[in-house]
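Heads up, there are several structures right after this.
The two complexes that follow have chain A in common; it is paired with chain B in the first and with chain C in the second.
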Partner chain A sequence: MTALVALNRVSFSYPGAERPALEAVSLEVLPGEVIAATGAAGAGTSTLLLVATGFAPRIVGGTLTGVRTIAAARCGVVFARPWTQLTGLCPTVRDEVAFGPASRGLARADVLAAAERALERLGIAHLAARDPAQLSGGELQRVVVAAALALEPEVLALDDPAAELDPEAADALYDALPGLAAAGAAVLLATPDLGRAARVATRAVAMADGRIVAEGAPEKVLTGTEVARLARAAGCPPPWPMDLAALRRRVAPDTAR
Partner chain B sequence: MNGVGARVEGVRYSYGAGEALRGVDLAVGAGEQVVLLGPNGAGKTTLTRLLVALRRPSAGRVTVGDWDVAGRRPDEMARRVGYAFQHADQQLFARSIEEDVAFGPRCLGRRRPAVGALLEELGLGARARLHPYDVPAPTRKLVALAGVLAMEPPLLVLDEPTAGLDHEQRDVVLAALRRRAAAGVTVLSVSHDLAFVAEAADRVVVMREGRIVADRRARELLYDREALAELGLRPPATVEVSVGLGLQGRPVRAHEVVAAMRGIRWREELSE
Partner chain C sequence: MIGYVAGHSPLHRAHPYTTLAAAAALLLGAFALTRPAEVWLLVAAAAGFAAVGGVLRSSARTALVLSLPIWVLLFVLHGLLGADPRVALGPLALSAPGLARALVLGGRVTAIVLGFLTALAATSPHRLVEAMTAGGAPFGRAFLLASTLTVLPRMRERAAQILEAQQCRGLRLGGSPLARLRALGPLALPLVLGALAEVDEQVLALDARGAAGGARRTALDPPSDSAAQRALRWTLLLLVVAAYAWKFWRMRG
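== the complex of A and B ==
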């Protein structure tokens, strides 16, 4: 299978930065994958998304070294701050979501169909006639994801896409990701939400200081979940990761509580 | 520092055709720690903006302490109400983090505001001289919060204070809010984060479609699985662990759960 994106020891620095934001990162993104990248603030997960999709350095400037191959025909990116990517030109949510496919020069019927599909997928068909400038933060976040999806990208990069969603909408968004991947697109996710990421990711990378420090099955890499943190703090012995079922099995049968 | 309470009575607000608030009554007492929960578009953010005069209700009355908000400008309200936006970038504009954080107290007439200790408290000390846009977005959220705390307002209104933060940053925010709470400051937050509710709320007010549909003690609601499910919510990990392990005393905060787990004997070997 040909990788949609291949990074081979790629480093990247933002313009004027003293320190590279990505250092010697190697990663292949294959069709059908949902890759979750996690790390503390500043670890480089957002930058990884920008570099893997070609936005950096092309749009944001900076310097890239190493070998990067982007075979995907289209990459969609949803930034962590959704309102920054509204076109500001569209009076309705439907127009906003149709903007991407229209820019591709598709026939009008295809543009509208792509927009409707994306609105349906995000569960926001009821917002189609609303003014994007008057939506709540969570509604806006879904509109922006729908707009990226309407482009029918081969790689969809989502930066903390549920940060502003209520839990139901966040579950719905995450649960939709495997379906997108099954349709042949790869999803690249930067997220601090380890619980939801572990549920939907096919692979995870943990980052620190611009480097990938762990890579593999989500349940191996995403070990910093809340349950694990509590278990660790209470002196529960490894192995990690630890979910609630594993924690319960750890309790000695004669324990007093 | 003593907190002030806030009260909204019969408040309505419309964005064009859609009514965002359809008659809301809410009283937050001085020193209370309240979280507003509810699905996207429920009117939570709109409600909080009325408290700082960033929006004016089409009907009803809003008061903060003994001030009627109707007669006040947003800059006057800023003396009493510190408001941290959902999107931190909307409130950052200075050339360095320390200047940005010092802006509020300067506006209040303090010539040399001491922001150093505050930056340290929020883990920003080493970044004081950086441009706010040269730090990652989650860190900018802490900068915006520091700017609000620097004015030492008796009422804090925080829109999604932990969204997008990593564990360490969340802990920093929680510790800062606890210190303010202990000093009597009133905190009204909008959040979807039940772990935040567990750590930082006494009381939870649930909104839906422009109305208040529930008003509960946080501890009570977090253990009410049915009520949470009705709201489309799952209990936070602390409560899941407490229930899963049968811990005593209904702990909700992480340190309470860990303390309650101390009595447990762990198996060293796991037999399958």
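== the complex of A and C ==
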């Protein structure tokens, strides 16, 4: 299977930074995958997303190939702060979500259909006529994800997409990701939410200081958390990994929400 | 109040080009007219423009606040320091030609400011972008123009949020002018730095959604234009040309 994006020993530095944000990172992103990248703050997961989707093109080492053609709108990106991703020009959520397809010059009916599909997919069709500036953080987060989905990207990069969401909405968003991947897209996820990531990812990448320190099946890569270690020591049953929310769901499902 | 105010006035419903053409005609007309009575007729026209847009009170108040310092400056510069003959105004002996000059210049500023405040208040940035998109303008140009129209309201909203946050952390507003000036520091720095920090992400987000893709954008809801509005725009252009022709004809005479 041909990789949509392939990073081969890629290094990247922000101007004026003392050390590279990414150092000799190699990663292949295949269609149908949900890759969860995780690590401590500053580990380089957000930069990995930017580089892989072509938004940080001036790499200082290695090679980067594959789908990175922003002009063709084949990469959708969602950043952690949803309010910075609004155009500020659209009076309704529908217009906001339709902005991407309209930029591609599609026919009006196709633009609106793409927007409706994306709104339905995120379960926010009821917000279509609302003013984006009046939405809550969680609603806004789903709107910006829908705006990225409306482009029907081949690679969807999500940087901590549940940062503003309540647990139920976060679950719904993460649960939608395998469906996107099944439709042929690749999802690249930077997240500290190990529990949800482990549930939906097909592959996990752990990063530290700009390097990939572990890569493989989520149940192997994401088991290193303290909570998982404690749970294991306490004799809680697998599957691993496990975070507090997952532990609570498993041990006391009635109190999990 | 500076910025778009939602409404249903004839000006809000008009094609954005018509509203902007009227504001531009006020601007150009202001420099074509040279006598106090003519310029004050133009100020009346600007007030009528604001009334049609349903924003007369708010726009006139802001225009007054913005142009008041200029009025004071003109009054001092031309009225007090202008050439003879003098007219008595209470205890002051003011320059008659200087006062006429101040009235013309002040009237021009007032008409222009009022006209543009009205256009800002009655032109939806979204409709303007849609109109420009439908007309085939590149999105970058439309976005630049529309974001210029929205920059002040956005900064004001952000400033209010920062002020609230700073007040929660003990910032005291009010007091002497010096104290008020000192309170500007905790407001201005995060306002500017925050805007700069977010603009990078905003540009990436727009890029990600194909804004710089180069394809001709689809207008989803282009505002309707009509033969009457097009005729009005041509009439405004002809009026401006006529005003300049009259001005130069008088200058030759």
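By definition in this document, the second predicted complex is superposed on the first by the 207 of 257 C-alpha atoms of A that agree within 3 Å, B and C clash if a C-alpha of one lies under 4 Å from a C-alpha of the other, contacts with A are read in each partner's own complex, and residues count from 1 in each chain.
Basically, a contact is a pair of C-beta atoms (placed from the backbone, for glycine too) under 8 Å apart; a residue touches a chain by one contact, two chains touch by 3 or more.
If you're wondering where the values come from, they're calculated on a predicted model, not measured in any experiment.
**Student:** Which holds for A:Leu158: it touches chain B only (first), chain C only (second), both, or neither?
**Tutor:** Neither partner.
**Student:** When the two structures are overlaid on chain A, which partner does A:Ser46 contact: first (chain B), second (chain C), both, or neither?
**Tutor:** Touch partner of A:Ser46: chain B, not chain C.
**Student:** Contacts for A:Leu180 in the overlay, against chain B (first) and chain C (second): which applies, first, second, both or neither?
**Tutor:** neither
**Student:** Just checking: does A:Leu89 make contact with chain B only, chain C only, both, or neither of them? Give me first, second, both or neither.
**Tutor:** In the superposed model, A:Leu89 contacts chain C only, not chain B.
**Student:** Tell me the contact category for A:Ala36 with respect to chain B and chain C: first, second, both or neither.
**Tutor:** Neither partner.
**Student:** Check whether A:Arg81 is in contact with chain B, with chain C, with both or with neither, and answer first, second, both or neither.
**Tutor:** A:Arg81 sits against chain B and chain C alike.
**Student:** If you count the residues of chain A that each partner touches, which comes out higher, chain B or chain C?
**Tutor:** B
**Student:** Per the contact definition in the header, classify A:Ile212: touching chain B only (first), chain C only (second), both, or neither.
**Tutor:** Neither partner.
**Student:** Going by the contact rule set out at the top, does A:Leu112 touch chain B (first), chain C (second), both, or neither?
**Tutor:** It touches chain C, and chain B stays clear.
**Student:** Applying the touch criterion given at the start, work out whether A:Arg248 contacts chain B, chain C, both or neither, answering first, second, both or neither.
**Tutor:** Once the two structures are laid over each other on A, A:Arg248 reaches chain B alone.
**Student:** Which chain A residues come up in both lists, the one for chain B and the one for chain C?
**Tutor:** Chain A residues touching both partners: 81.
**Student:** Which part of chain A faces chain C closely enough to touch in the complex?
**Tutor:** Within the complex, chain A contacts chain C at residues 50, 53, 55, 70-73, 75-77, 79, 81, 84-85, 87-91, 95, 98-108, 111-112, 144, 147-148, 151.
**Student:** Any idea which chain B residues touch chain A in the complex?
**Tutor:** 15-16, 18, 38-41, 45, 86-87, 89, 134-139, 160, 163-169, 192, 194-195, 232-234, 236-238, 240-241, 244-248, 254, 257-258, 260-268, 270
**Student:** Contact residues on chain C for chain A in the complex?
**Tutor:** Contacts found on chain C: 124-126, 129, 139, 143, 146-147, 150, 154, 198, 201-202, 204-221.
**Student:** Hey, which residues of chain A end up touching chain B in the complex?
**Tutor:** Those in contact with chain B are residues 17, 39-42, 46, 80-81, 83, 130-131, 134-139, 142, 160, 163-170, 192, 224-227, 229-231, 233-237, 244, 247-252, 254-257.
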